[in-house]
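Below you'll find a set of structures to go through.
Same chain, two partners: chain A is paired with chain B first, then with chain C.
Coming up: the complex of A and B.
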């Protein structure tokens, strides 16, 4: 058990070492997507505790956050493939606008 | 030299694109015109049953507007319950027709909404052919695209559900299906978020159009799972799949008829499950990329132990949630697709529809013709080479074949898959033959030029050495000629190989050998002959089999002319003109939509079949003796009842033939109705004197055969001869005590009765509108039926 704990610490250390080397832009996108995912989890926990009425509002909010997470992750992957340079931002903006349009329409 | 070659290639490409454009135009015109047979042969009328409901809602849309339609509550059906149309219809088709109509109105072309409805399906079939071209262009190339479009333009299975007048959901849904597939594959190939947004809009249209969207909702996860398993995970796959899951769920939830089912029903669980799997696979890839190998193997061991436990916990939660519902979370309709025997055991209404029966082998060939032969070859060709897109086409074909085996109706989902695979095979075969032919031509040309050069060389040599000695040099020139001829042949072969190398695509492997020229020519002739047979078959089937509007029937007279049976519209018009506007009309559920649309009267049950108990009540009324049926109809405020009867002219789809389904559905809810009572002593369903006792007493019998023996059918048949069942009926003479016949159409196909407010106490009191009954006939009748004197 202790050994496993040690190996976990080792893995985490290795990972953070190589994560430091990623470009600033990608780290920003990562932070944003983790934030969106955390918001989604927060909404889910709230719905579990307080109740799901109105269900459509919960779904709209939840899917909006998860959608933001997915799209930002997609942009991040394309940016990292382009070597940390500029990736296709116009498509990302269009997709985000569509996501918000769909969510706002459903939120009632 | 290189610039010239490039210019030549560009010119060839330009010509090729122009030819492709003209071909596509011709394909669209063909697709539209082959569906117009019904308008030419009959008239521009809406066919079948379900389209009448869509037509009625479209009419409402043009009268009241966009926002009112969402709030449309229909009080004309399912009396006294009504139907919330806004929340239970798939709005895509109706709003499409409404948009086309309003565009035409704004262009000052005042076409009635009925014409727009009739011609929507042919228009969208042309669009479907274009989408198929785009889809296959993404999967394999322009040639495959053109071949697939050429096949799907006339494939009979698609024609059957999209003729002019068939204003049903499939008219636009098949176009939306192929278009969504095109957008998905385009996103997969380009990996661009723009196309992912376009995929959302295409999927939104598909979800709004048809319940068959759940096929796409499960096919895309299957494809993503296959890509994960075959280690084809990439950024492009993520961009194609993951935004679709989220945006698609939002799109489906926005349509009221689906609403919360988008996340609660098991049909959509697959997409979320694979969503999680995809993230896991990508995370593993990322961590493997970031960590040194030793740390990675340690992490892998850790994750497998911890992750395994977590996965087991999640699985237990999901299983417990799903097992709590009796159908494991699937809707009844989806379960009847997965388990073909489910509907016949539990949902007799779904089992009773003729479209829901499994197809016969012959229907595969009639509906797909040459596509059913070429599609397996296309399946194999998907593997050469196996790209993400061709893997998708492969999975689409396999799943579509399974579902088409469950229900005839789903042959329609197989049709685009079969056409795409067949187009793939066709284009590969044709390009192989054509390349062989071109290579043979080039071989000949090269050999001709080389031998011309060689003979010139030989001649010059001969001329040079002509002087010294003829005999000596003649042997040498002969050898030289032979040598130069063989070198010319070798040069020709080399030229052929290089031409193949320059013009090659997938035919380029070391094992590729061109066919001899004659074989290639014969092959091409056979291919074109096969396609010609296919077109001939499709046009014949479209004209003869699938163009009949079931509201108007035709048959050939003895003198070769055509006799038209317009009984249904005659009867609906009678209802509309001769009954009070508030009157309620009862009939079997098949005719509900037509009654509300054409006769404009309130009905008890209609084709939506959402309330099984209500339908069972009507079934019980039809199966019960007259008094019981009268009480049931009076309790529902019914004033008019009608039945469809085909025994006079031989129309086989009448209510007597459907009667056993009424008994089964009624018996499913009211146990006092037992099916064996309605069958003969030998267990068969008969209408002659061996008919079941309950059948002879039932209201359906009375309403169908009332006075049928008095005005018998033609051609010397005996009295009371039913031309559909081909026997003399069991009980010919009886009186109605609780109903009054008010209308029978020209060929007795629809018979309308009024529910009397009080029973007819004196059945001896004849209806004065009837023909005069002689004393002899009266005595004979009393003796036949045993009625009290």
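Coming up: the complex of A and C.
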């Protein structure tokens, strides 16, 4: 048990050491992904605790956040490649605009 | 049916009480006649009354006679389109209607027998309220006069007692009117108190604020924003994206999809043009940096 805990600690330490070297723009994208995911989780918690009324607004908000998370992850994958990410930002902006339009339409 | 009639009666009474009618009644008399034609009791009514009009047993006929005139044309021979004698059972509120006809002398009269009442409301003996209803398209309001109370007695049983209440037709025994359908509004959804909703809105918005704080702490800045030649295109691209988001806000608050899409098409085209230039330049700069 203790050994397992030590190995987990080691993994975390190694991860944070490696992540420290990650370029700043990727860290920003990661932070934004986490932000979108956290918002989705908070909305889900609200729906569980308080209620889903109005349900369409809940779905729109929740899936908008999940969609943002997924799209940002896709952009991060491209951006992590050498020299990539800049040209893909156009596609990312288009996808986000479409996602937001659908979400706003569904909010009602 | 009974309720509807009762409601009609209430409305009609309200109308008759509140608004002066154009129709005027005169020489209203209520008489009870034996089969031989001799008058047992006669009551003269000069206005809505609650007088006791006597007993209408199975051998007698109730006769109401009256003359009508329009206040707008007093001398004219006025023949109202609808004149009815209504007998309403006090206990059940079921009503029997008898249309009035014109006599040779020009007066209107309506007659009712207990057997005729039985055909309309079934066997129901006891107190009935007699009323006269006059309606005509030339009159502003219909007129309703309560004439008084009449005791209706049906043909007695062998022991002299009144038969128990029963519907006239056999079919009425098996087929009762269905219950009135009362419209039920959909119950509103359970909603959280406003304080809870506002609090959760702030909580849900917190990650964005935290993200901005974290980004600033990580040293995010606008130093990489192009200056000189590329500035115009980059500014146009970012302003285009901002205006698209602003348009979405308007779409949410007041615009329709049909109004939004043309504006979105224009903004998208401008943003795409600026974006293409900006991203090309940024790619070039990025490859140079590497």
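Operating definition for what follows: the second predicted complex is superposed on the first by the 104 of 108 C-alpha atoms of A that agree within 3 Å, B and C clash if a C-alpha of one lies under 4 Å from a C-alpha of the other, contacts with A are read in each partner's own complex, and residues count from 1 in each chain.
Note that in this section a contact is a pair of C-beta atoms (placed from the backbone, for glycine too) under 8 Å apart; a residue touches a chain by one contact, two chains touch by 3 or more.
Every value quoted in this text rests on a predicted model; they were computed, and no experiment measured them.
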Contacts of A:71 with chain B and chain C, given as first, second, both or neither: first
First (chain B), second (chain C), both or neither touched by A:14: first
Which of chain B and chain C A:50 touches, first, second, both or neither: second
Contacts of A:100 with chain B and chain C, given as first, second, both or neither: second
Chain B versus chain C as contact partner of A:79, first or second or both or neither: neither
First, second, both or neither for A:90, with chain B first and chain C second: both
Which of chain B and chain C A:29 touches, first, second, both or neither: neither
Touched partner set for A:63, first chain B, second chain C, both or neither: first
Contacts on chain A seen with chain B and repeated with chain C across the two complexes: 90, 94, 105
Interface residues, chain C side, partner chain A - complex: 189-192, 196-197, 200, 203-204, 206-208, 210-211, 214-215, 218-220, 241, 244-245, 248, 251-252, 257, 264, 268, 271-272, 275-276, 279-280, 282-283, 286-287, 290
Contact footprint of chain B on chain A as seen in their complex: 4, 7-8, 10-11, 14-15, 18-19, 55-56, 59-60, 63, 66-67, 70-71, 73-75, 77-78, 81, 88, 90-92, 94-95, 98-99, 102-103, 105-106
Residue numbers on chain B that touch chain A, as the complex places them: 191-197, 200-201, 235, 238-239, 242-243, 245-247, 249-251, 253-254, 259-260, 263, 282, 287, 290-292, 295, 298-299, 302
Touch list for chain A against partner chain C, complex: 24, 27-28, 31-32, 34-36, 38-39, 42-43, 46, 50-51, 53-54, 61, 82-83, 86-87, 89-90, 93-94, 97, 100-101, 104-105, 107
